[in-house]
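One structure coming up, written as structure tokens, with questions to follow.
Chains here go by letter, A, B and C, matching the order in which they are written, and residues are numbered from 1 within each.
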Amino acid sequence: MIDSKLKEKAAFAILLAATIIVIAPVALILAIILINGLPALSFEFLFSIPRDGMRGGGIFPALVGTFYLIVGTALFAIPFGILAAIYLNEYAQRNRLTRAIELAIINLSGVPSIVYGLFGLSLFVEFLGFGASILAGSLTLAIMTLPVIITATREALSAVPRSFREVSFSLGASRWQTVRGVVLPNAIPGILTGTILGLSRAAGETAPILFTVAAFYLPKLPTSVYDQAMALPYHIYVLSTQVPNVSVKVQYGTVLVLVGMIFILNIVASYIRSYFRKKKTW
Amino acid sequence: MKRTTEWIIEKLIFISGIGSIVFVALIFFFLLKEGLSLFASVNVFSFLFGVNWYPISEPPQFGILPLILGSLLVTLGAVVIAVPLGIASALYVAEVAPKWLSEILKSGIELLAAIPSIVLGFIGIATLAPFLKNVFNLPSGLTALAGSIMLAFMAMPTIVSIIEDSINSVPRSYREGSLALGATRWQTIYRVILPAASSGILAAIMLGIGRVIGETMAVLMITGNAAILPTSILQPVRTLTATIAAEMGEAVSGSEHYFALFAIGIVLFVISFIINLVADFFMNRNKKRNKKK
Amino acid sequence: MVNNKIEIGGLNVFYDGVHALKDLDLKVREKEILGVIGPANSGKTSFLRCVNRLNDLHDNFKMAGKIMLDGKSIHEIDIHLLRKRIGIVFALPLPLPLSVFDNIAYGPRTHGVKERTKLLEIAESSLRAAALWDEVKDRLETSAFKLSGGQQQRLCIARTLAVGPDVILYDEPCSALDPISTLKIEEAMRSLKENYTQVLVTNNVKQAARVADRTAFFLMGEMIEIDETSRLFTAPADKRTEDYITGRFG
């Protein structure tokens, strides 16, 4: 008896140690980024163009590029993803087609990001002739983000009680009226949270934009969707591997901006989640 | 009027619904369209099993065996590190830690999942590589081992969260039954909970592998990028994904090299397809098994 | 001459292959309250949900037989129109997460009524008919969840009335309510008799005795007998009916 108690203590200590090995580096990484990146942050760093072969100046074009890409991705992925989730959750019967769609979504979420890059290059850049452009990059990121949005939306839709739908149907509402009238309004917080998380992930992706939009260096801002653009993740790649002698300050400053942006999106998402969870009456 | 709008909306919903199938098909089709052109001049066998990847020498050689082995080596290393750590932390978070601590740990893991791979690659170059260089006294820290460590870390959120879910889906009655018979919590965990969650754990491992094999930017930056047959984990290697990322920029559209990179894309697509199907199989088994009781 | 509002002939219902309702023949008369009693799983609810085709939402549902509303098969009536004409009140009070007013207005809006004055008129008349108006007239804009359980259920009745049905189905409407709220609902039913045909499925035998004109007894998917309520309760023709109403099982 004492023996098994002792064993339990030892086992739990090992589990704790493993957890620390997993979690401690996260804290360490964030600390390193903060400590090295904070000194770089200034109004000028955020809002001026890179100078001295990107060793100085700011990151404004990359910031703007990433912003455009997020907006572009959102424009394509959100409507498509939400409609697809509505189909799966509210319309689809349990049959082979539905199963095939589900498998397709699982596979889309598993396709390596660089393969999305190849696909975007071949379909959007070359075949459709968009060239390396914000349009091609956004579409590529959008398809990559779809499974995240579909899955999150589906969860949010299925969390709406079945009885709401029955009430609506029993009053003579059609399926679409039911979806619009009682299902969507009650699923919006969940959809919003999932969508923001999906977009924040897209914002940090590098591989899919490598050949579809990302520019090494552009002194001016893009003016149309057919322009190339700089983007924060790719800019980090360039600063850390392609340009020699970039100051640590500039590198970490850029990293901090990207990570900060993504964390803000994440915080907004979880705030929405907890706010509506508290307000929820059903 | 109302009926027409509704009709249009419902058609849009249906089209979006089957969109995912269309996209998977499109991806596969466009990879094939470009990738298969390679096999007009190179045979499949010497592509898959050729030991030399010299895409721009004269004549070029397109053997991806070193890349496949590079990916495998890095993945294997990552799995060896990630699986025990992942299972242990998931157990700690789900079964051992008090609620407040487990909430904190979970948000820590969520934070990790939110950090982009490019950032982890960058930090890896700045911290992990010099560290390994010193410890093992290497000419460069950019090695397969560095990649494995990094990737193990990156796969952790996937592995931990799925294992945690499957542990949580083990019916409460199993736990209570075991504890009522006088077993300690630890005995309950490894005799009852681990076996009951085994399908979920397998699914987590598969999805972790999928994440690791497909990871691009961090490995590109940290594994040293040498397209040679790896003999040791302390050597630089080059993975399938990193090859595409590193070389597509230079490959001329429509050249053999360009096609070869797409052919690598096909290999990656097929691997991820299989891994996800297997993971889905385990996932469904886990659901079914724990629903019955 | 009594008019039959609903006529059911040879109705059989299956869920996932389980035979839930067997060869049901039943006529519901215009403007009567028909009580349907019986133990759990006797097919009462299955019968009810066939009439307004709510069962169609169930994936593995199959039915055979005829159901006629005013002499016309319900499958020949547009399903949305059918559900508009045959309202249902569920076992639990199920207000939508909207204000009192929006709950009532939900149905009419679905059927194209947009003007607020018209909607307010409908709300007032339906709430009055459901005997709720005086209790909620000053808080039409508060959340329906703020009402008591009994008020919520009467709100659901009003919501059903608001789309202008001629038949109201009740699926054990008082099973979650206290005795006082139950009495209020029964009063509302009696006052609705003038304009509506009502079918009350209940697991409370006394409730059927109190409000139903005629009562049917269901057991294991079959209708055992149907008669004037007074007769069924005093001189049941079937031994099983007697056993049930005297509380020997169920």
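Just so it is clear, a contact is a pair of C-beta atoms (placed from the backbone, for glycine too) under 8 Å apart; a residue touches a chain by one contact, two chains touch by 3 or more.
A quick note: this is a predicted structure, and the numbers were derived from the prediction, not measured.
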{"item": "Minimum number of chain-to-chain contact steps, chain A to chain B", "value": "1"}
{"item": "Remotest chain, chain B as reference, centres from CA atoms", "value": "C"}
{"item": "Intercentroid distance (Cα basis), chain B paired with chain A, Å", "value": "17"}
{"item": "CA centroid of chain A to CA centroid of chain C, Å", "value": "48"}
{"item": "Computed distance of Cα centres, chain C from chain B, in Å", "value": "55"}
{"item": "Per-residue multi-chain contacts in chain B, two or more chains", "value": "none"}
{"item": "Residues within chain C bordering two or more other chains", "value": "none"}
{"item": "Chain A, residues touching no fewer than two other chains", "value": "174, 177"}
{"item": "Complex interface listing, chain C residues touching chain A", "value": "52, 54, 57, 59, 80-84, 87-88, 90, 92, 94, 96-97, 106-107, 109-111, 143, 145, 156, 159-160, 163"}
{"item": "Chain B residues within the chain A interface of the complex", "value": "6, 9-10, 12-21, 23-24, 26-27, 30-31, 33-34, 84-86, 88-89, 91-93, 96-97, 105, 108-112, 114-123, 125-127, 153, 156, 160, 184-187, 189-190, 207, 210, 213-217, 221, 241, 244-245, 248-249, 253, 261-262, 265, 268-269, 272-273, 275-277, 279-280"}
{"item": "Residues of chain A that touch chain C when the two form their complex", "value": "93-94, 163-174, 177, 181-182, 186, 281-282"}
{"item": "Touching residues on chain A, where the partner in the complex is chain B", "value": "4-5, 7-8, 11-12, 14-16, 18-19, 21-23, 25-27, 29-30, 32-33, 79-81, 83-84, 86-88, 91-92, 97, 100-101, 103-119, 121-123, 126-127, 143, 146-147, 150, 174-177, 200-201, 203-207, 210-211, 233-234, 236-237, 240-241, 251, 255, 258-259, 262-263, 266"}
